[in-house]
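In the two complexes that follow, subunit A is the common piece, with subunit B as its partner first and subunit C second.
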Partner chain A sequence: MHRIALVILLLVTASAVARDIYQQPEAFIKDTFGGEVPKPRMLWINGDLNMDIRDILGHEPGVLRIRYWQRDAKSAWILEETGKEKPITTGIVIHDHKIERVKVLIYRESRGMEVRYPFFTDQYKDASLQKDKQLDRTIDGISGATLSVRALTKLARLALYLHHHIDVSP
Partner chain B sequence: MNPHTFIPRFLLLAGAIWSFPLLAADKPPTVEELSEALKELEQKVDMTAEMVDRAGTTDTVENKTHLGGYGELHYNNLDSGKEINFSRFVLYISHEFSDHISMHSEVELEDSIAGDGQNGEIELEQAYIDIDLDGNHTVRTGLFLIPVGIMNETHEPPAFYGVERNPIEHDIIPATWWEGGVGVNGELAPGWGYDVAVTSGLESADYKPRSGRNKVSDASAENLAYTGRIKWAGMPGTEIAATVQLQDDITQGTDTTAGSATLFETHAIVNRGDVTVKVLYAMWDLDGTGPAAAGRDEQTGWYLEPSYKLTNKTGVFARYNEWDNNAGSSADTKNKQTDVGVNYWPHEDVVFKFDLMDQGGAVSDDGFNLGVGFQY
Partner chain C sequence: MYLWHRYMGLTAAVFVVILAATGISLNHTETLKLDSHMITSGTLLDWYGITAPKNPVGFAIDDHWISQVGQRLYFDEHELQDISGRLIGVARLNDILVIAVQEHMLLTTLTGQLVERLGDAEGVPAGMQAITRDGNSLLVRAAHGTYVTDSEFITWQKIAPPPTDWPEPTAIPASLYQRLAQQYLGSVLSAERVVLDIHSGRILGTWGVYVMDTAAGLFILLAAAGIWLWAKRAR
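Coming up: the complex of A and B.
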């Protein structure tokens, strides 16, 4: 019985595939703007922006600029932050300085994948940024996924902060 | 115009004008020529920025290997004595061979110094290969942590309250507990996680689980262990889980009076805002006349731990523990312990701890503990 169990488990490895991609970033942007995708823009990370981003993430931004898509008061961001050791690619939509939608697009960590479900990401809906660059609400965590929850919360704060720094006048 | 897009464009324009070769000529450049030069320069800057940005992504070879770790220093001021000890210093290294095959490892130096006549040990705590399968399933092969309890898999110092770990996940669940073997883990449905594993088992001469850990060091594999866990985390801040482990013989055939051993563990974690409550129950059921004669045919323990975050950086907790490795005997051998204390996180990955400890029942060791821990 021992040998059979071992053989079965080892045989299962034959069907290995790639990391978990839940939605391609391009498809997320298309969904957000109803098929008519605005031209992407670049926000350069310099000066105070760099310092504030470092404050939110707890480390250097690691990029020189951040790509975003915008139409009127709505902006969409594809951002990445590492949970334990691998980046979580996340799509975030901001409307009128409030979070409209958070979606985990690509998850690469071996634990904590529950953060991708709407029952978790829905907590960010309508959240806004306080003066201290914290969310205006508490996000209930997921046991065993502390670092992934922390990463997503940082990205939510970052997207709200960046939205404040783009021209959203109609 | 947004200042953050204006500034780079201004610099580009200035650079373009400065570097434009026609400026040196008699004839000034036309607007079209300047525009063309600006466009070219903008493309070059974009390409440079693209290269710099790409260097920080996971697709580069340099980012395939990850380093991490944690450590903790304890000071115990108890009736049994005063002691200071650097309990654990752990180095974590992982490597991604491909998108779906990765290696994870942890090497631990326990109690500061290892070697002949020293208190400490150097231990390989984890070293396994994960292969991601179609859907949400992963095959794990090698030396890995047994999927049981709250602390066994997540025990970095900033992640829990109290300087010392709770006694139930020490004496009943022998955390940190690792074995060698193969397992599968993943999700059955949204919020429903599972683990199954076939691993090496315990080999305990005194029938206590903690003394049965062979740590995969020339360990007997006469009697394997079968572990299964089901976990529900379908609501933010909530986890409910149960683990069962079966082993034919907890003495690996060295004791003819011993029989099979079954571990059952269940726990719940509920976090709402600043309040978290953890509760865990674990029990061993050992067959055979040997364990029954020693009163160790039944070994049980449970704890309840409410905690409250006063601020983002400070939290307080209380924990009540009961456990008994001789629950099968007719004597009153139950141990009790109450802990109350505070954690202070000056940074999310650094923690300072203080707690008061009060024991009762079959044990008696009261006092206070201080600790500092970190992870990276």
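Coming up: the complex of A and C.
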């Protein structure tokens, strides 16, 4: 029985720390702005913004402010959303209210990492947000990675929404 | 053969019920929320040999404790965001609490609500060892030197190590640890895990697996015997 306990504890510990890092967030931001990274800005989440984010994610944002990087019509976001149990750290670049790039930076789940491949993330290129805060297209899922696909789609919608918010805010 | 088939059937019946019940449950894990229902039974936790990590550490700040039990961080008794790494420091900058683990910082309000989580993308130095407040700035002792950052955590500057005391984590009050340990124990073992182990026989260790393997063999023999009896009767 103690062998089971050891396996369980190892799995719990391993699941707590195991992660695949495909690109460091700092490197993603540097790549996005060609090495000249603008100073980060803060977007405080309150009132209507909090409600809209809740609509998109299906839960409270979990933080009171989000950091982003912006130059001209381009903004970059490092966002996280839970797939099945662990957060997926994702970098999203928006240009002129359309998705320029989606990249899975850190993946912590034991299944579903197929979402990191370009065959999947390329589906988001040039996607924009409709008035109902849904994407203007259907994203094809991956068998066995439904929750990861759902998480990434939420983040794509969120990044587009936040870009629109900072772009039109006084 | 009839008698053998009957006795095998009776023996197998128990395992069929167990496998069918656990199998149906596992097919509907999400609907039944087996993965999010956590076991708090002391008997089961003892059976699995699960205990709360010992030697919890923390920092007292204002009237609160920021503690770490195993890999979990707590603001008093409220668990903070899942974050890996050793708790190395807590400081207050104006109305923000800075909670530092080795590679990340959590910024919270004075009541523990998460404001922001900072990592290397935001310039947090790698391998943090200690933090302390210096006026309206935060000093960070890290693997590659000492850094100072502004109150918005936008700019990070390497500086010469100042002569300062770097706060160290201390043991947390026993009463707090008891409450946190209860919370911790109630968040480790899911119902899904238990059902899976019953289904595979692993709940009884290696021998439980062999018993289930034997039961599976019995099912095959039962099916073979049943087909043989049917074929014999058909002739």
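Here is the rule we use: the second predicted complex is superposed on the first by the 148 of 170 C-alpha atoms of A that agree within 3 Å, B and C clash if a C-alpha of one lies under 4 Å from a C-alpha of the other, contacts with A are read in each partner's own complex, and residues count from 1 in each chain.
As a working rule, a residue touches a chain if its C-beta (ideal position, glycine included) is under 8 Å from a C-beta of that chain, and two chains touch if they have at least 3 such contacts.
For clarity, every value in this text was computed on a predicted model and none was experimentally measured.
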| item | value |
| --- | --- |
| Of subunit C and subunit B, partner touching more subunit A residues | B |
| First, second, both or neither for A:Lys39, with subunit B first and subunit C second | second |
| Subunit B versus subunit C as contact partner of A:Lys86, first or second or both or neither | both |
| First, second, both or neither for A:His163, with subunit B first and subunit C second | neither |
| Partner chain(s) touched by A:Gln123 [first = subunit B, second = subunit C, both, neither] | first |
| Partner chain(s) touched by A:Ile78 [first = subunit B, second = subunit C, both, neither] | second |
| Touched partner set for A:Gln24, first subunit B, second subunit C, both or neither | second |
| Common ground on subunit A, meaning residues reached by subunit C in one complex and by subunit B in the other | 2, 5-6, 9, 12-13, 16-17, 42, 62-65, 84-87 |
| Of all residues in subunit A, those that touch subunit C in their complex | 1-6, 8-9, 12-13, 16-17, 24-26, 28-29, 39-40, 42, 62-67, 78, 84-87 |
| Residues on subunit C engaged by subunit A in the complex (per definition of touch) | 35, 47-50, 71, 81-82, 84, 109, 113-117, 119-123, 152, 154, 188-189, 193, 197, 202-206 |
| Complex contact set, residues of subunit A against subunit B | 2, 5-6, 9-10, 12-13, 15-20, 41-44, 46, 49, 58, 62-65, 80, 84-87, 108, 110, 113-114, 117, 119-120, 123, 134, 138-146, 150, 165-167 |
| Subunit B residues within the subunit A interface of the complex | 1-2, 4-5, 7-8, 49, 52-53, 56-58, 66, 68, 94, 96, 99-102, 104, 130-134, 136-139, 141, 150, 153-154, 159, 182-184, 187, 190-191, 193, 198, 224, 226, 233-237, 239, 269, 271-274, 312, 347-348 |
